[in-house]
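In the two assemblies presented below, chain A is common to both, partnered first by chain B and then by chain C.
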Partner chain A sequence: MGFSDAVTSHLGGETMTLCYQCGTCASSCPVAKITPSFNPREVIKLSLLGAKDEILSGDAIWLCCSCYNCQERCPQRVQIADVIYALRNIAIEKGHIPNIYSEFASALLNDGRIVNVSQFVENKRESIGLPPLQPVGVEALRKILSATKFNKLQKQEKSQ
Partner chain B sequence: MTKYALFLGCTIPARQPNYELSARKSLEKLGVELVDLANMTCCCPPPIQSIDLETSLAVAAYNISIAEEAGLDIVTLCSGCFESLAMANTMLKNDEALKSRVNMILSKAGKNFQGNIKVKHFLQVLTQDVGIKHLKQSVSKPLSSLKVAAFYGCHALRPSELLELDDPERPSILENLIEAIGAKNVEYRNKLKCCGGLLRGFSDDLALDLAREKVANTSKAGADCIATLCPFCFVALDIGQIQIRAKLKESYDMPVLHYSELLALALGVSPKELALETHKIKTDKVLSKML
Partner chain C sequence: MDKARVGVFLSDGGNEFSKILDFAALTNYVKNVSDVVFVAKGNNFWEGKGLQTIVDAIKERKIDRVVVAETLPKLSEVKIARAVEDAGLNPYLMEFLDLKDHCAWPHQDTPAEATEKAKAMLRGAIERAKLLEPLEKLEFSALKSALIIGGGLAGMQTALNLADMGIEAHLVEKEPFIGGLAARAGRFFPTDDCAICIQPPASDVKTITHTSRKCVYRSGFTETPNLNILTNSKVVAVEGVPGNYKVTIEKKPRYVNELKCTGCDQCTAVCPVEVPDDYNAKLQTRKAIYMNIPNVHPPVYVIDDSVCKFYDCNKCVEVCPTNAIEFDQKPELITLNVGGIIVATGFKEFDASVIKEYHYDDYPDVITNLEFARMIDGFGPTGGVIIRPSNGKPAKKIVFIQCVGSRDRRYKPYCSSICCMISLKHATTIKTAYPDADISICYIDIRTTGREHEYYYEKARDMGIKFVKGRPTEVTRNPETGKLSVDVEDALLNRFLELDADLVVLAPAMVPAEGTEELAELLGLELEEDGFFKEYNAKLRPTETKLRGIYLAGGATFPKDAPTTSLHSHSASLKALKYLNTGKIVKDQRTAVVNEEYCGDCEFCPVTCPYGAISLVPTTEDHFVAQISDLQCEGCGVCVGTCPLNAIELRHSRPNQMLAQMKGLLSVNGTSKPLVLAICCSECGHTAVDSSGMAKMRYPANVRVMKVPCTGILQVHQLLEAFQAGAQGVMVVGCKSDGCHYEVGSQKAAKKVDLARTLLKEYGIAPDRLEMFNMVYIEGDRFAEAAQMITEKVEKLGPLQLMGGS
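Now for the complex of A and B:
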């Protein structure tokens, strides 16, 4: 399977081949305005051309701020922000995970939250007038993460 | 009485008691009851969607299924939670194949997504359930001398097709709510542009650059404060100003308040009950204008 097919068969990547390179995305992108390192039109072009290594091991796909401006305005209805999620998902499957994302993954697996609520903060709730926090469904969550093999993405990152 | 399951998420209980207190107190005064359900988890917002979209959809659906079992619609405060839950809710309601795929995963945790409840943002509960008229009548301390710069952030509005909160290019829900509490809405340049929050931790320089523009433009427009809806935008703009001062040597003093905080003040909640010390940029300027 070519790279472009791998992207369109991934959840979120389905609409990529509708792109006709008009550049509406790039002109709507707040990040492209401040750095030459990211341009959504370029990311899609390179992916369509099969430049797998450049896309998956480069920084560009991680510089999208997920604002969805491009997706709202695309005349071809390419789900650009979702295509970028698909590219990130594939990059991580291949072992390219930025540190901050492995921290999010570990936190989710360990605590069921991506930002941990410290015991100190939890104890303070009553004194400032907040009700106690309900328990987090960590056990159920782990079963889901195991069914989607999310926990394996984590292991792969650890073995690097 | 209107009743909702409150989906609290991660960042608000961990870092922003100011958001939680003001939202709970406001809704109580406006006659909306909040129920805290057990066993909810992280909503799986963009940082987890970036790792695995299928996992994010499944976890969002899991959380929705807990509210379904309780027979309650969900209200979220955080726009990240709103985006992931409302997006999953609409996608799964409209796509039987995707719904079966996700329910297969949820069966491992003994859950099932039905698709019979709504996921609403805090703002929608205010406009749709409370209503602007009742909200206006409930204001005891109108913020009449306050000039407020509305900031939507991204994930309350977009992707609009799935979230259906307001027009993504010309929204008005927040401006209307600002005026409903007696404050003046201030227009500023590039209002709908991202705060850069999700780039924090990967590219802090780009994130700060985007936050700087927001603070500079609202200052130039003469706003007394920025009104936010999302804990990530709050961090990007509030703590962001301290980092902008240190790294970019530009000094701003623009208070950032969640809309819920302005609302609670207008409804007569004492500032002392709102954990305003959470703010890095002092809110005194805003409070002094209320006298």
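Now for the complex of A and C:
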């Protein structure tokens, strides 16, 4: 199976082949406007052309901010943000995951939070009359995350 | 009924097939079939001596059924039928079979088996022929008049064509003036001249000079004999049948007497009511009494009754020098009797305001191509000057945006096909008038496929018009300066551009005209998924509908440019003329008949009939029966297949005729394989069998082919009967499900086959013994493969044991 077929048979990637490169997504994209490293139209074109390695090991697919502007305006109803999620999932399956994502994953599995509770946050809460944050039920969370294979993200990181 | 006297004529194709088929054995076999009184063998029976043999047998041996096994059956059928008719026998009492393509060629490796199959084929044909009844040729009168709905380019050309050729043509336009989109478009590609030209009417002595075209208003078009133009009018009811329609037209009051008004313009000077002028893109206002543009037809004013104050004001009445203003006019209903109807309702622009990010509805400087056309028209609201509607100042920077709603799966997935050329025409027109204009065209793909069209693209590049390959995401407006900016990625540069614009021109999709759905409902026509009228066959019959008598011209079927609209209109005229000119519609009687004793009180068949040929008529109180119009019935038999009471029969495909042939085909096996019956529709199914034979593809001789008009005729019990008659496997071969010659037949057949398979399973018979196939002529290889495949499958399943089987 070619890379393009692999993407379209992946959940979220089904609509990719509808793309006719009009560029509405690119001009709708707030990320593309500030960095040449990400352009949704290019990500789709490269995927259609089968540039597997460039897409999976590159940074581009991780730069999408999931604002869904592109998806809202695409005249071919390509589910662009979802295609990019599909590409990220395929990348992870192949062992490509940026450190920041695996750090988030570890933090979530260990502490139940992506962002550690800092003294700054506690002070802020106190100043506006909110109670201190309670510890999260990590055990239950871990069960859920392992059922969804989320824990794989962390394992990948360890194996690297 | 007297016993039939069957004559059988066996052609060996110039001795060619004698090498495969044993004609002596066939002749002997046929002689012994009951009711066969005459048998002849020859080289051919479709011309010369051979044909004379048939004629003589009719005259001298008094045969009254003719069975011909020819080598060129499709060709010879027509010729022999004529000779049979001349000899005094009803030409429908004939049965043809093809021993070449359906027997000798495909089974040439097993000549003995081929001969046995040929016997079975002959037996089937003879048994069927015996049961055939004489049929009539039917003639229905057709009025030499036509209704043309829509007074745009297509409607005008069609009406003129028909009127010129002696057909009384009634051209109905819902607006107060004719001209349609064409009149608003101003200029046309590929000639760059006016949109309101027309071919000169043949009847006008002044224009009989064969000049290439004339301005509509001076062409004499409106004075063409046989042409009746009704403006401000709408079709509200249609009754009747092809050839004889009764149409009711509602004509709205104009409040101005068309014969008295001289177009002097004094009324508009005194009229105090001013409203935005929709016709001219609201770029100006007009009065309550108005004309769209000076050169319209009819060249008289109309009063807009939604805003006129009538007697409370009375100013126009006071100044009119010819007393043409008539406030008391009332809507009138006009009845027309016409033989044919031509739909020429055209298309319109898609409502661009639904694409919010382009701000068509809230930024006045965002306009559409049609509005832009009004601006560049010298007769238009700006006198040909390109302005910014927001402040009336000249527009220098102009950005066109293509595919607004077209090629957009959220709105219109199709390419509207003319918008690239419209924008190129507009861009080059302004650039010619204003060389310093800064023009950009944002496009996804530029499509210039017609003759001379690519030249526009070339010219535009040469003139310095900028092309940006990208579909803009948004049009923004600077709140202080009011200037627009178009946000787009140029995919070729891989760069984001913000194009400044004084004016943004959108190229909206083209969609069916207002009222298309209601009209389709009124006429009983189908619409395609895109909302345009569906033509009878997209490839071959683009201006006809499945209803004899109703035709399509111009953009009613899909957006079209002027050259294509002209072609289309001429085609529609010709097609309509086919019936209207002769004053009659001729067809044969192979139509469906209702047995009123069985029929009653269900509504299946009228709904199923693809041609609207069936109506329900009351018998006694609360009871009704189906009635089939011989004129509208096209002989597919879909109603037969649908009727739950077996109350409908199709002439020449009656159940007893089909069963007799089926039994005949299965009466002799002669092969070591189980008998398979292939029930093929007379169109694609049967031609696939032809083509496999013509290409000498091989399949086993146990496969027997039976022709039915359309697989839609098949009833579930008939499929089961085939097994009872001796088939071990049954193939149903129809047209592609979306390409049935009778619209829905092969889809209906597929459902019957499914149901029959379920029943077979219930009876403990492997459902795989029955299968539906869809193929076309060029797929003869698929037929041969399928025949082989089902034979193998049935062999593997072993002999079929039926309780009390025959």
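Here is the rule we use: the second predicted complex is superposed on the first by the 143 of 160 C-alpha atoms of A that agree within 3 Å, B and C clash if a C-alpha of one lies under 4 Å from a C-alpha of the other, contacts with A are read in each partner's own complex, and residues count from 1 in each chain.
The rule we apply is simple: contacts are C-beta pairs under 8 Å (C-beta built on N, C-alpha and C of every residue); 3 or more make two chains touch, one makes a residue touch a chain.
Please read all numbers here as calculations on a predicted model, not as lab measurements.
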item: Simultaneous placement of chain C and chain B on chain A, clash or fit; value: fit
item: If touched residues of chain A are counted for chain B and for chain C, the larger one; value: B
item: Chain B versus chain C as contact partner of A:P75, first or second or both or neither; value: second
item: Partner chain(s) touched by A:A32 [first = chain B, second = chain C, both, neither]; value: second
item: Touching partner for A:Q21 - first (chain B), second (chain C), both, neither; value: second
item: Contacts of A:L49 with chain B and chain C, given as first, second, both or neither; value: neither
item: Nearest-approach distance, in Å, of chain C Cα atoms to those of chain B in the combined model; value: 7
item: Intersection of the chain A residues that touch chain B with those that touch chain C; value: 69
item: Chain C residues touching chain A - in the complex, by the definition given at the top; value: 357, 403, 407-410, 444-445, 469-474, 487-491, 494, 496
item: In the complex, chain A residues that touch chain C; value: 18, 20-24, 26-28, 32-33, 39, 41-42, 69, 73, 75-77
item: Contacting residues of chain B [partner chain A, same complex]; value: 8, 10-11, 13-15, 17, 20-21, 24, 36-42, 44-55, 57-59, 62, 66, 104-106, 108-111, 154-155, 158-160, 168-169, 193-194, 196-199, 201-203, 206-207, 209-210, 273, 275
item: Chain B partner contacts - residues on chain A that touch it in the complex; value: 10-12, 30-31, 34-35, 62-63, 65-69, 71-72, 79, 81-82, 85-86, 88-89, 92, 97-98, 100-101, 104-105, 108, 112-118, 121-122, 124-125, 128-131, 133-138, 140-141, 143-148, 150, 153
